[in-house]
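Before I ask anything, let me first share the structure, which is written out below as structure tokens.
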Amino acid sequence: MPLSPIQHADASPAVRAVYDDIKATRAVPDVNNFWKMIAHDPATLKRTWESLKEVMAPGALDPLVKEMIFVAVSATNGCSYCVRSHEAAARRAGMTDAMFGELMAVVGMANETNRLVFGYQVELDEALK
Amino acid sequence: MPLSPIQHADASPAVRAVYDDIKATRAVPDVNNFWKMIAHDPATLKRTWESLKEVMAPGALDPLVKEMIFVAVSATNGCSYCVRSHEAAARRAGMTDAMFGELMAVVGMANETNRLVFGYQVELDEALK
Amino acid sequence: MPLSPIQHADASPAVRAVYDDIKATRAVPDVNNFWKMIAHDPATLKRTWESLKEVMAPGALDPLVKEMIFVAVSATNGCSYCVRSHEAAARRAGMTDAMFGELMAVVGMANETNRLVFGYQVELDEALK
Amino acid sequence: MPLSPIQHADASPAVRAVYDDIKATRAVPDVNNFWKMIAHDPATLKRTWESLKEVMAPGALDPLVKEMIFVAVSATNGCSYCVRSHEAAARRAGMTDAMFGELMAVVGMANETNRLVFGYQVELDEALK
Amino acid sequence: MPLSPIQHADASPAVRAVYDDIKATRAVPDVNNFWKMIAHDPATLKRTWESLKEVMAPGALDPLVKEMIFVAVSATNGCSYCVRSHEAAARRAGMTDAMFGELMAVVGMANETNRLVFGYQVELDEALK
Amino acid sequence: MPLSPIQHADASPAVRAVYDDIKATRAVPDVNNFWKMIAHDPATLKRTWESLKEVMAPGALDPLVKEMIFVAVSATNGCSYCVRSHEAAARRAGMTDAMFGELMAVVGMANETNRLVFGYQVELDEALK
């Protein structure tokens, strides 16, 4: 009963146009299952792709840093698919094993200290107001 | 009834030693409330500080990137204190308004797409296995 | 070592009575694994079923809306089992593909803007107090 | 040191154009602090507003249901600002106290049963695959 | 516009009966704001109180352990109100500062290692299946 | 492309020393995949093991209570691996089926009431300040 990925051959012209833009932008032969699933709602497919393309483009932060931030959020939320796909993207952008290790160390510490703050009910310092 | 921050003057020698190391390492006149609260458990204070000092030190990733990752996790978890204190640290390490804006944009998109993956039950692509 | 589902034939009379009420209320031939697992704690089985039956019944909100809210929470929490079972219930209650698509779009946007609020530390407007 | 809301009078023409569209679309005299804060990143302001306008518009789901889903996600994530602002929007769209009560009841039950599923490690039923 | 706590004098007989049972069970002169807020939905008030009374009662686990588990979950979710009220309950049940410190240390470590598992995509050991 | 567990035979001396300490401390013939994965970052492996050994040791709270708190957090975060491994540890430390059932009941209720607090925007009682 769950939805199945919509393959390129079965896609509407509007969906196919987004797929083609993803493939051209990323120079990949096919799009990931993520896009093939949200294609069930063409408006969400188009909006999400356009937003992601804008947000992940080089800017004040380079793409490698952006992909690592994406992995940090995804690991915090426990999204296995998202960790895998953005870890792959980060590695393509130059992330080494050492960088991944430090990324995970920071993610772990942040999740730990976030809860120490919640549990000890730490109040904001005057200097931070 | 809740616990109060332990000030330097009221701290045990063991706690004071950690406070002094924080102050020396960061070149600050006093430690934040975070440390003054977890000081109620001196073992946690010591372990957390030593871990944080090790994890946030320059390595394969520079301190600015590490602080931005910390902010990303803290914003994902809704830890207001943690966002403020690590945003301040990131700004001291060189984060501009433009960088903060892109950081937040990535955090927002990652949290959105994480849920699209969960909701559409996206299965892992062969290429990502 | 993990627990296994308790089948009807192996259940105590108290557990069987709950199973029978679920089957009668929902007009299904068997109960889901969810119930067969929490049946290891008969008090939790009974309390959870009675609460769920009361909460999900038609009232000021119709069952379709309630099931979609359930899916929204489950997608936010990354509970795959819960998304699948309540998506199925929502579809039985009339949710179309278009409705599911909009549901996911809202869930995605809400998770994104929640983090923009956390990250930018937005203060409550006077008009909302 | 934290950022302050950007008021209409201090906004760039690009930001002002978004503010004006929000005010016109919602028939409100001023925009909320949320928009005034993310305006520090005009690209995020524009993209978020356009996405939200598209996602929250009437479609297969009516605006009341969409606002209630937004509240459900925000309560799950503990975003106080988001709960308040979208609860207000839902009430303007017709949500009664009774509807809010049932919404919260479903949100509570979903968060509870999500964790029972995680804790008991419930496996997917054949019928749900 | 937000809801206000319903005081005993303003409560319906059904709500008052729940308030009185809480006061008698806990030997307190008044109920907390939590109950006065969910009283806006009398069915949720009654169901939540009866569930909580059953769940938190002495059983295979003693009330102190149960209150500490409640604090652990609340700190993980960042629910400040819940941490405070259940920390108070745990202290009344005998939790010392040393026990609170160790509780928080475990909560912190669990939140950290949960994310290391998510980030490193650790697969289940044969022995744990 | 994802990382693979580092087996004892393939580990560096520094990693092997940690593995050996885990095996000796826990009296187990091999370490879990968790350690074999984070071993890709030897500093994280060493720091996490030393922290965990300190935090989970008997103290003001006994190991059984600590393992149950670990399970409570892991179920709240939806970390399947963590639930399974720490449920196993809790059972080895004496957790019965009845205790596990009550643990889950508390975890469920806490997650439910946390969201009622968030949704109803409950304000802190004077007595709790």
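In order of appearance the chains are A, B, C, D, E and F, and numbering begins at 1 in each one.
Going forward, contacts are C-beta pairs under 8 Å (C-beta built on N, C-alpha and C of every residue); 3 or more make two chains touch, one makes a residue touch a chain.
None of these values were measured; they are calculated from a predicted model.
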Relative to chain A, chain with the most remote C-alpha centre: E
Computed distance of Cα centres, chain D from chain C, in Å: 21
Separation of chain D from chain E, taking each centre as the mean of its C-alpha atoms, in whole Å: 27
Residue list for chain F, restricted to those that touch at least two other chains: 1-3, 38, 40, 43-44, 47-48, 51, 55, 74, 76-80, 84, 88, 98, 101-105, 107-109, 111-114, 116, 118, 120-121, 128
Graph class of chain-chain contacts, one of line, ring, star, complete, other: complete
Contact footprint of chain F on chain D as seen in their complex: 71, 74-80, 83-84, 103-104, 107-109, 111-116, 118-121
List of chain A residues in touch with chain C within their complex: 1-3, 38, 40-41, 43-44, 47-48, 77-79
Chain B contact footprint on chain E (complex, rising order): 78, 84, 87-88, 91, 97-98, 100-102, 104-105, 108
Touching residues on chain F, where the partner in the complex is chain B: 1-2, 43, 47, 51, 54-55, 128-129
Residues of chain F defined as touching chain E within the complex: 2-3, 5, 32-34, 37-38, 40, 44, 48, 51-52, 55-56, 59-61, 65-66, 68-70, 72-74, 76-77, 79-82, 84-86, 88, 96, 98-99, 101-103, 105-114, 116-118, 120-125, 128
